[in-house]
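Across the two complexes that follow, subunit A remains constant while its partner is subunit B and subsequently subunit C.
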Partner chain A sequence: MRKLINDPAEVVADALRGLAAAHPELRVDADAGIVVRRDAPRPGKVGLVSGGGSGHEPLHVGFVGPGMLDAACPGEVFTSPVPDQITAATTAVDGGAGVLHIVKNYTGDVLNFELAAELAADEDVEVAAVLVDDDVAVHDSTHTAGRRGTGGTVFVEKIAGALAEEGADLAKVAAVGREVNERTRSFGVALSPCTVPTAGRPTFELGPDEMELGIGIHGEPGRERVPAGTATEIVAAALEAIDADMPLRGERLLVLVNGMGGTPLIEQYVAFGAVSAWLADHGAVVARSLVGGYVTSLEMAGVMVSVCRLTPELTRLWDAPVQTPALRWGR
Partner chain B sequence: MRKLINDPAEVVADALRGLAAAHPELRVDADAGIVVRRDAPRPGKVGLVSGGGSGHEPLHVGFVGPGMLDAACPGEVFTSPVPDQITAATTAVDGGAGVLHIVKNYTGDVLNFELAAELAADEDVEVAAVLVDDDVAVHDSTHTAGRRGTGGTVFVEKIAGALAEEGADLAKVAAVGREVNERTRSFGVALSPCTVPTAGRPTFELGPDEMELGIGIHGEPGRERVPAGTATEIVAAALEAIDADMPLRGERLLVLVNGMGGTPLIEQYVAFGAVSAWLADHGAVVARSLVGGYVTSLEMAGVMVSVCRLTPELTRLWDAPVQTPALRWGR
Partner chain C sequence: MNAADLTAWIRRAAELVTADAERLTALDAAIGDGDHGHNLARGLTAAADALAELPADASPQQVLSTAGRVLVSKTGGASGALYGMALRRAGTALKVDEIDARWLGAALREALAGIRNLGKAEEGDKTMVDAFAKAVAAYDAARHRGTDLAGAARAAASAAEEGAQATVPMQARKGRASYLGPRSIGHLDPGAASTALIFRALADVTGGEG
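Showing the complex of A and B:
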């Protein structure tokens, strides 16, 4: 056993108790699985709610706070949150201006957020939704119709969160969230599998000299299994896949090099160096960047590259102050 | 191969190139191994320099910036920086008020920082040093006479950095650094080994159901090898060792639950929950906290707990603004 846990069935609740102890600025209901910004609901402000399976921390619970999410509802590990949980989070943060659901495109998440939106409507809360489907690796997959939502979720939550903080209305906040998603693409590579605590064995097999190109954040299959390459080769595979889908030349980019959970930061910086060199060679500019584990897959080794084609307005909103456990700048 | 690297011999330089691309606010000399705050030297401000072997990122390179270090000099992985490198960093940040070296207590680091201080003195730079030896696990070890310097280094660098930023003189900045070290204790537990890239095999063997209590950050032996326990048991072992050395009851504490590199954030929060519960049961208060990978050991799985007995003044300095790649708050 290499896991730092108590009861495998209690990992999410135990982690939420830890989150509550570490972050008194959040209201955490560990049993219900709801994390809310302490000052919510804020009258007249659009509320932002996201959620999904746990095991991807800091996504989403680490992004609750001023300038980003008003609430997160984590499900069990790699399992969608239930509708009642999402509805409770939604009503908790409605300040009368409506609530935006930011939903990664996995079938269970989509269905449960839709149901929750209907339940919230019964309580007179207006809900809009942004679907995040930034992963270019595969169309349709184990848990998805269409593309999967992955690293780009961080960009959508940050930028929509900044606009909501400024007082924009629900339609505008939803529109900017969709715009970010449309301008964002991601591609992940796994160097090792990960193990869901209650399962006790790896979600897939991967030889010590193999890697999976286009891995999903739950270990779903990607495009192909190939011999493990260098950081430069891995990053090139990711950026070529992204560039083929959304040309990058001439663009000013927001770039996330995202560690999947088991890859140390020194290697993430090696990968960022390779990303930076590839983009310079292909006529694109890194205008903003982030290096670290932001959308993880438990202890999976590997990296995901996410790229957003910025506009001046999206850049301004990215730069706006944010105060959450995992992202903090400005004031 | 599970490493995301190019040439194993170039990992540190490649990572520094990535750091430079991601953080234009730093001046990075990837070949010389020197990372300097862009606005250094600042006239009249005491300069803070730290360094040590790489593989512990974000320590130290991720702590360069306003409110913390003026420069870091990373050595090769798990290898001390060389004296010339340290001297170059020291002279680069001297604004006429002298330079404080923050040195983790490993024999190579201590010797090389001492030599560098002599070389800097030849160039009329006044140097003082703080030795960090917070690890209660063992006296003397593979690389150390006396206790090892580990997670408490973050506390020393942050708090001394805050005082230097306020314009305190070298004697005062050194004194607060020593005070923090004296009030801080750490204890680490490994659930897996790690592999130095140029070695290509694990630094030690650990069975899948074993853990090493009191592990060093280079995989040096700790106190004992025992069957792997729960998060609650692991944390209790760490806190009992700390409490036996420095009683915690009645104290207001700064607590770091530090992931060693391969343990995902969800498990670090499970551990923090257990730390918080143990301290409450033993009459101590968590006044400030930090959860995440701040002093890592490549991809080692495991956790380290570091605890500092705060005073009002140390709390104020911990809360002071900091703007570095890895720690950011206030302004």
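Showing the complex of A and C:
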């Protein structure tokens, strides 16, 4: 796989310099690995900070701006950010109302955000955390590190960000973030692996007629390797896994068909058509939808389906104005 | 053993992990996300570089807490946090300038406690704890038999390697490999493999001839 890079070791910093050049409304420190919305800290507003390994763009740096995140801290590719970075982002966005950390449930992310929260507490910043673990592909949580944070992270960041923008306090913003996570499930399928720039070779091998069911977002293999299927079959496998865990019948849903990075938008819309038909057949309503690569794994081909069971309040917060590089509407 | 030996240990660990970065990364690609070797090589090298800048009269505690702090801030991932906290905890246990076998044992036990406390992993979970706990137990057993520091460190290095190899048939219950369930069986855990290198580095700088 040929890559459009200069130096494998400089990919993250080079990309952040590009982000800064393209988005003057963001404050980007490419060397420290911190992206902050320009008007932060906003007095009295809860600050939202998220972060994780790079390679998932636009997550998280593309979601910094009014109505969503106040700051993001990208780590190396597929590697969690470090505590210093998270602490610096946290203090940079604290407007006196506290800071919410939105953390995807991966061991490295959890450990580093925990250490950062301790450091921030030393500087008298109140920090709460929401752990995102929406991935239904991981089964038995007592025998694993627990479910992973995947596509549902977009819902948590958007909806919690909207409530924070309205001036809600830290407890309320954290509560809505947890509510979204509890009402959200995701399942991903890979049609090809991806290549971490510093590693230079694919993270796993996949035959031409095979696919991986139940992937995470770091190029890790999934829970099962099966013969490749049609878009309709792939989508059905994802939705059946979700529906078995969280029944969808009778629900009004926010649905994301998320491209993993290497699957073109035309195929994502093929998938969305199949999702829509499957849900109609199973008595669920698509109330809001999003199609595109929002939580990617470098150039991995495949899709992830994420669904959130909406309430009127969550729908209102999803519809609220947002102005970030990757999501913008309502203004 | 003194502060300079501890600095030599971190430098040697950086060399061994850098030399083996490809292998560690390949192990990680099999059951994780394929970045362990390069990340840890970067972190340990940064730690060794930071130690070179310390004043000549830095204490063992300063050496290990500095190495730990740099490892946490330069490595990333779970391994940076875990190894960094381990070194910081080990540093706080070292309250002397001249480290005998007993003091080193106390520091290693404290490092293991730090890893267990932060990572919540136990032996058998297919993590660095499987190598680390075996190494610490072997060190203590050797010391109780009257073996000197160098001999105990060699025993720890052998036990760490055995502990790492013992992860091959295990099914992972912690960390990213746990997502694979039974498919994690048959692979050497990369964290246990890097722990074995770190203990080999300790034996290298304390032992001389074996």
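The working rule: the second predicted complex is superposed on the first by the 324 of 331 C-alpha atoms of A that agree within 3 Å, B and C clash if a C-alpha of one lies under 4 Å from a C-alpha of the other, contacts with A are read in each partner's own complex, and residues count from 1 in each chain.
Methods note: contacts are C-beta pairs under 8 Å (C-beta built on N, C-alpha and C of every residue); 3 or more make two chains touch, one makes a residue touch a chain.
Just so it is clear, the model here is predicted, and its values are computed rather than measured.
When the two complexes are overlaid on subunit A, subunit B and subunit C sit side by side with no clash.
Between subunit B and subunit C, more residues of subunit A are touched by B. Of the two partner chains placed by the overlay, only subunit C lies in contact with A:Ser80; subunit B stays clear of it. In the superposed model, the vertex angle subunit B-subunit A-subunit C (Cα centres) comes to 130 degrees (nearest 10). In the superposition on chain A, A:His139 makes contact with subunit C only, not with subunit B. In the superposition on chain A, contact of A:Val196 is made with subunit C only, not with subunit B.
Of the two partner chains, subunit B is the only one that A:Thr263 touches; subunit C does not reach it. Once chain A of one complex is fitted onto chain A of the other, the partner contacts of A:Leu19 are limited to subunit B, with no touch recorded for subunit C.
When both complexes are overlaid on chain A, the residue A:Leu111 reaches subunit C alone and has no touch with subunit B. In the superposition on chain A, contact of A:Gly216 is made with subunit C only, not with subunit B. Of the two partner chains placed by superposition, A:Thr315 touches none, neither subunit B nor subunit C.
Measuring only between alpha carbons, the smallest separation of subunit B from subunit C in this overlay is 18 Å. Within subunit A, the residues touching subunit B in one complex and subunit C in the other are 77. Residue ranges on subunit A touching subunit C, taken from their complex, read 53, 75-84, 106-108, 111-112, 114-115, 137-140, 143-145, 148, 196, 198-199, 201, 203-204, 216, 218-221, 223. Residues of subunit C that touch subunit A in their complex: 25, 29-35, 38-39, 72-82, 85, 118-119, 171-176, 178-181, 183. In the complex of the two chains, the subunit B residues touching subunit A come out as 1-6, 11-12, 14-22, 54-55, 57-58, 62, 77, 191-192, 208-209, 228, 230-232, 234, 257, 261-274, 276, 286, 289-291, 293, 296, 298-299, 301-303, 328-331.
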